[in-house]
Amino acid sequence: MKTLITGGTVVNATGRGAADVLLDGETIAALIAPGSTALGVDLAAHVDRVIDATGKYVIPGGIDAHTHMEMPFGGTFAADTFETGTRAAAWGGTTTIVDFVVQYAGENPLDQYAAWHAKAAGNCAIDYGFHQILSDVQDSSLHAMDELVAEGVTSFKLFMAYKGVFLSDDGQIVKAMQRAASNGSMIMMHAENGSVIDLLVQQSLARGETDPIYHGLTRPWQAEEEATHRAIMLANLTGAPLYVVHVSAKQAAEQIARARDTGQNVFGETCPQYLYLSLEEQLGAPGFEGAKWVCSTPLRSRAEHHQDHMWRALRTNDLQVVSTDHCPFCMTQKQLGLGDFSKIPNGIGSVEHRLDLLYQGVVTGEISLERWVEICSTTPARMFGLYGRKGVLAPGADADVVIYDPNGHTSIGLGKTHHMNMDYSPWEGFEIDGHVDTVLSRGELLIGDGEYHGRAGHGRYVKRELSQYLI
Amino acid sequence: MKTLITGGTVVNATGRGAADVLLDGETIAALIAPGSTALGVDLAAHVDRVIDATGKYVIPGGIDAHTHMEMPFGGTFAADTFETGTRAAAWGGTTTIVDFVVQYAGENPLDQYAAWHAKAAGNCAIDYGFHQILSDVQDSSLHAMDELVAEGVTSFKLFMAYKGVFLSDDGQIVKAMQRAASNGSMIMMHAENGSVIDLLVQQSLARGETDPIYHGLTRPWQAEEEATHRAIMLANLTGAPLYVVHVSAKQAAEQIARARDTGQNVFGETCPQYLYLSLEEQLGAPGFEGAKWVCSTPLRSRAEHHQDHMWRALRTNDLQVVSTDHCPFCMTQKQLGLGDFSKIPNGIGSVEHRLDLLYQGVVTGEISLERWVEICSTTPARMFGLYGRKGVLAPGADADVVIYDPNGHTSIGLGKTHHMNMDYSPWEGFEIDGHVDTVLSRGELLIGDGEYHGRAGHGRYVKRELSQYLI
Amino acid sequence: MKTLITGGTVVNATGRGAADVLLDGETIAALIAPGSTALGVDLAAHVDRVIDATGKYVIPGGIDAHTHMEMPFGGTFAADTFETGTRAAAWGGTTTIVDFVVQYAGENPLDQYAAWHAKAAGNCAIDYGFHQILSDVQDSSLHAMDELVAEGVTSFKLFMAYKGVFLSDDGQIVKAMQRAASNGSMIMMHAENGSVIDLLVQQSLARGETDPIYHGLTRPWQAEEEATHRAIMLANLTGAPLYVVHVSAKQAAEQIARARDTGQNVFGETCPQYLYLSLEEQLGAPGFEGAKWVCSTPLRSRAEHHQDHMWRALRTNDLQVVSTDHCPFCMTQKQLGLGDFSKIPNGIGSVEHRLDLLYQGVVTGEISLERWVEICSTTPARMFGLYGRKGVLAPGADADVVIYDPNGHTSIGLGKTHHMNMDYSPWEGFEIDGHVDTVLSRGELLIGDGEYHGRAGHGRYVKRELSQYLI
Amino acid sequence: MKTLITGGTVVNATGRGAADVLLDGETIAALIAPGSTALGVDLAAHVDRVIDATGKYVIPGGIDAHTHMEMPFGGTFAADTFETGTRAAAWGGTTTIVDFVVQYAGENPLDQYAAWHAKAAGNCAIDYGFHQILSDVQDSSLHAMDELVAEGVTSFKLFMAYKGVFLSDDGQIVKAMQRAASNGSMIMMHAENGSVIDLLVQQSLARGETDPIYHGLTRPWQAEEEATHRAIMLANLTGAPLYVVHVSAKQAAEQIARARDTGQNVFGETCPQYLYLSLEEQLGAPGFEGAKWVCSTPLRSRAEHHQDHMWRALRTNDLQVVSTDHCPFCMTQKQLGLGDFSKIPNGIGSVEHRLDLLYQGVVTGEISLERWVEICSTTPARMFGLYGRKGVLAPGADADVVIYDPNGHTSIGLGKTHHMNMDYSPWEGFEIDGHVDTVLSRGELLIGDGEYHGRAGHGRYVKRELSQYLI
């Protein structure tokens, strides 16, 4: 099966230009100057399918490097399965996710790794890789790290919060970092001071503060800034590369920027919710409404200008990646926390909307078109060892291609654009001045003509190499 | 004329991969997956010329964004003409230079622009663009700025030193920056405090200090740091983009990094001499020997670790570009300053060796292979409005291609690799673990099989667009 | 004449305590524990005068280190003569001023020094010292510096603004700093980039912007930050101590703090107007009203929080001194600038109210009581070589004593507390929860029982030593 | 008993001057201008004792705010009892110590407070106060904090290291800080990341590294910097004042300076060992010799310039206090760690030499004479609520007076000046260009004519007020 995409503007991380893209089976066979006669063949006549991308952007498929499909948490499961979640992702132009294998304290990381494969295999609409969560790092975890790297799991997420569930203490973190420094893998960090947060939550509840907004107020920026700095310093001590997930506080972003200024391999990710939503407006919505936006790190105060700072840090590459931390719960699940904000399952669903939401940042002038591609696809690929196959439109790369229409429009919300398995949308009412027109994954059409053409099982596991982004 | 480059590893700023490159006339027609049958033709049989790049890197031609061919200065002229200088550049894998039109105080910028065209036309081996130097900014200079932008001169260099020759005072700088902010052009700055330097030079000479090393000692880092900060603040006031040329002091680089951290459009360039050479070793060589390395900003003290800091700033993208500031003088010219260091013509010749010298940084682990391509070609192109045509291997781009052999070797020095019009080499004795194998400019072979195949007049003037690098 | 001050709380820079103070003639003879019988005499019976300070603070007389009495500027003279200005100062608890001898370009510094002595001699109510302003530094200025140090003028003010009037270029500044580094004197700096300001003023007027607020808008914070940084770097180069006068922009204060963090002898002064007044409220008052508050550096925007930052910098000793920059002009004089803000004489009168205004900062919790004494008296004394005689209540020190009543009240304004020779008060309507009760200068009563007991001619010239504040 | 000290130069934190000091019983009765006749009496004839201080400095008695007499640690006790330790202190001009009550995990703070009183009562040569160590903060600890504040224990030391012994986790620290913020007391912090250190120690021992130098190498600067930052951020969250003890790493000092720049009440102490001694020279001495200097935080690398940075931070008041952390162990005790550095009792004895060692910094130009008094006496008094009685020579203050002879000399070492109960001196061979001539405590002569005149039991417990140093 050969496909020729003609007439579009190919956009990559450093620039844009007119080019036709020839797909052959699962890979990109060639990029060709439009109208070139140098090949000596009429390609359009020759291929099986021609897609006209005139007036549109042709970009590498989006990579969402932070999702939690079917994640077991707090006695329930994230509402999207690998099937529903990856289908929604496809609708939004994301053709690869990197999901988190969860190893809770006491479990064997390799067992869980196998379990996650079992959950994903045969169910995914798009390709997927895995990070491994390590809770309560033990010596056995260190051995598992080496084995997992050989399996293509080259990044390990640790937690500085959620005591008794995920948390590793600083000595455990150092041990994992030492191993990462030796086997070349990346340490990902949930950087919040759990000990402090647990106390504040307990004190808040004791004062009778139960509404969702207290989720945010008991996770103050100091808890994030502190943990971020601590993670950076432990990485400095061990020489491990560090990637801080879901940065939301401007002070945390400043710590990352400062570490980068000294040449340390420290990186940061933010999420659409930290760019657009706020403590006051969403988390502080009347009654229990704010539960929709309970996630950790929490939404931050707009009065303190965290959102502006996140955009700026994206522009200056002090934050390198935008992922979603997709971990949706339905309101029926959120209601576990009625009367006690600390029992609300933590998570927001955005896997479908990341490219659109960030494209709106291009429209409003927050980021350039090239930077959009870079933070949504190219850098995630480089950061997590996918580049070459993913994250770029180049010969030999997987034929993961999105055609994005800057003249289209997308209305987000239930009954509008909404394919995630959620009974509400955290992005209800958001209007995007652009549209995901066509999505191909390894040459197969997933989205076209406003319809879904994909199938569960198309998506394959991707063994990842070591990070290609280290300085 | 069609050329197919096969078997190589194409390297760009974000990654690398195997790809064949098809050149058709002056442009790149296609990038093709090696061995692909998707095109339905045997390209190798079909083209006029096949170049085997097996085991080699295929990269976009180097762009040296800072050269001074035939520059009139201090009563003499830089020793390389556009003919000799661009030929030497070609030998070293540089296929585009951006040279500086010089307008001295009292001259008409547009007249000088025309004069520079006259000097370059018909003489260049490779393509060339122009920046415009504005001395002693007048209202007429502001009008000229708009006209020059229309001519493809989208960057203007100002000087904070060389009173009576180049220097603009701060009010004049603000005026030029205001105009740049309105017409979208870039301000380039020679950031040294000339008033302070002039005093120190006069005091030094009065003390009988005449050796070349006093050139460095009378241009202390404080003079560079101060001017860099001042330029940044004036840019902040006016909203103009700023590009600081030839950064050599770590403290100046820190000012640039700090400005970037706040989201300002401030960029910095360094040069090979500030990465490898030092005040103590070269400028302080016995007798008059140090004159070989008299340039401004001066070589910095290795004991103060400026060189290490420059490499680090390149890694973290706090400096974005490496140019040469190619401005060679023969020792016969340098001798103007025998007995008075202040009369030594300022300048070093490196246009031939930039790619090699920076590749050695890849070998020694200072930068990645991708970063090498980025700082030598891709970012210069983006910074100065050349991207699309230059700085990238992509369909439709100019067929400026370098094949670099990581298994080759290059010995620099007179009687070895040396094509610049200089009677000495500032890089004598440098050994490079790599080699410029083949160089094509707009599809024409300039260097191949160890020989020069180019010709004066092949190179054309390139109208530049506005910077494509702003944040 | 012996005076015993009993029952008060003596406050100095490090703490407070009950103590009686015995004055003998012009000096402090002893500090005595109240009720002590150790001396074996009944002092109260023995002395000529007993002043009951029960419930009040007894502090060293205020030192205003920055005044401009009778200063010739812009075709007129500051409205307070040494007679009226020092009398007003006495009313407000200031017992020493350090005024500026003005040497304009082309004048002989020593001639001007003599002229200022002539103006002050026989006219002052309180003691006075001199700083010397050096405009357009020449070699003759450098020789004068040494002679003036011998005369007790150990600080020299330079200007980075007011071209053709006061401005020295950077080379001239370095020359003066080199001399200061060698003779131990202090460089004071008016740190605003005059070249930029002159341009902005000219552009603003050309746009028809003539109201007083444009005085502020054409002297943006960038112009102050830039010049402050430049002065710091030149001081770094030369090793001279630096004291930046009238700091008003938070960014300038940050530059000073940063220099201090590296151990450089850099200090900063702010003034009451930068703590309390703003661009929006005062300088932006309707019509020509804002002219009352035209001074340089200008009042800053409250929306940008400069005022808060000044208070904070005072608390952390990143700014060390509060002076007034007393330079009053009557509205009749201010009207020189009707229709052209650039012609409004620059200056505000506050010499009378400094202690009261800062005491209000104690009341509102901005600073501690001890810090009030430190920034108003002790540090000015140390900074400018007066300590021992001035700035402290200690045996042997000049009997310059203020009794301050924390239960008193002061209403500032015309017809209320106003003794400066101005036809308006820039502090009209300010209410202070404290009162200057009694003022003695070298043992003579100047203020007591709400009346002025001083006389022109009591005040004497004070030869100052080198700064006692260097680190 | 009346004593008159005549002819000396009284030095306090802001300056110096000639003054006679009259002591009446336990307090200072008066400071008198030498030769003054204003009192109308011949005091010298009138008093019981005249001490001639001609040519000498008269300063407030030293305050060592950090000592551990008889401290139980690691199965042994610090070698100095309250009797021997305070006597040695007296020899060195220290007239007040603030010692640490130790509450280990599981103990009742108030019981331990009583126990410490029992140990000290009747044994001390000089006055003493107490800080309270809180280990493993419990709710009962919080209640104890309020009671202890009423007892004059207004500062509480927490540990971020020594798990299972002293360590409080971050939630516990926050709880104690919240209480401090509400009752006005100060939190003192041992800021080292114990979790990391415990791991590094275990790994080091597992590699067979047993020499004393590994004590330093397993407590890297990152562990101190990290904990310092964390403590600052927790203090920021709670509003508690924070005092970081025994700062030795320059990076930790930078964190403190940065916090001060933002106006936070964060302070730091260093010790003579961190100013003079190093990892390479002392801790790395051959064989087991280095055990003499095993203390925590450890001696730092001189190659990394920590020592220079500590001096600079003292000059700029980024560190405010020099204490000793006096916790001496004899070599017989140190030998507990033969073959296992982690078993060497942690501590160095310096209580006798602090004033001398710091005075040598005056001689070498590191600090001014006034700064010497400030960091050794005045600021410790203010920081810990002693000012007024201690830390200043003023009427009504305790007659704690040291006469220091700048023309004297002190040779430190066994058989020379050494009164601490140690079988070696960590300061062996140090030569001081000055000498503690005379020491009085509340009017009683402790040291005079080279002999000890004090007695166990003279020293009294001092109830401290809240800190007088907050900004």
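Think of it as A, B, C and D in the order they're written, each chain with its own count starting at 1.
Here is the rule we go by: a residue touches a chain if its C-beta (ideal position, glycine included) is under 8 Å from a C-beta of that chain, and two chains touch if they have at least 3 such contacts.
The structure displayed is predicted, hence computed values, not measured ones.
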* Asked: Where in A-D, C-D or B-C does the A-B interface recur, with over half of the contact pairs identical by residue number?
  -> C-D
* To do: List the centre-to-centre spacing of chain C and chain D in whole Å, with centres computed as mean CA coordinates.
  => 38
* Structure fact -> chain B and chain C have mean C-alpha positions lying a whole-number Å distance apart equal to 52
* To do: Could you grab the centroid distance between chain B and chain D? Build each centroid from C-alpha atoms only and quote it in angstrom.
  => 58
* **Junction residues of chain C - those touching two or more other chains** => none
* To do: Using the contact rule from the top, write out all pairs of chains that touch.
  => A-B, A-D, B-C, C-D
* chain B - residues contacting chain C, complex -> 169-171, 174-175, 193, 195-196, 198-200, 220, 222-223, 225-226, 229-230, 233-234, 236-237
* To do: Within their complex, state which residues of chain B touch chain A.
  => 2, 10, 12-20, 22, 24, 27-34, 36-41, 43, 46, 254, 257, 260-263, 312, 315-318, 368, 374, 378, 382, 387-388, 391-392, 394-397, 468, 470-471
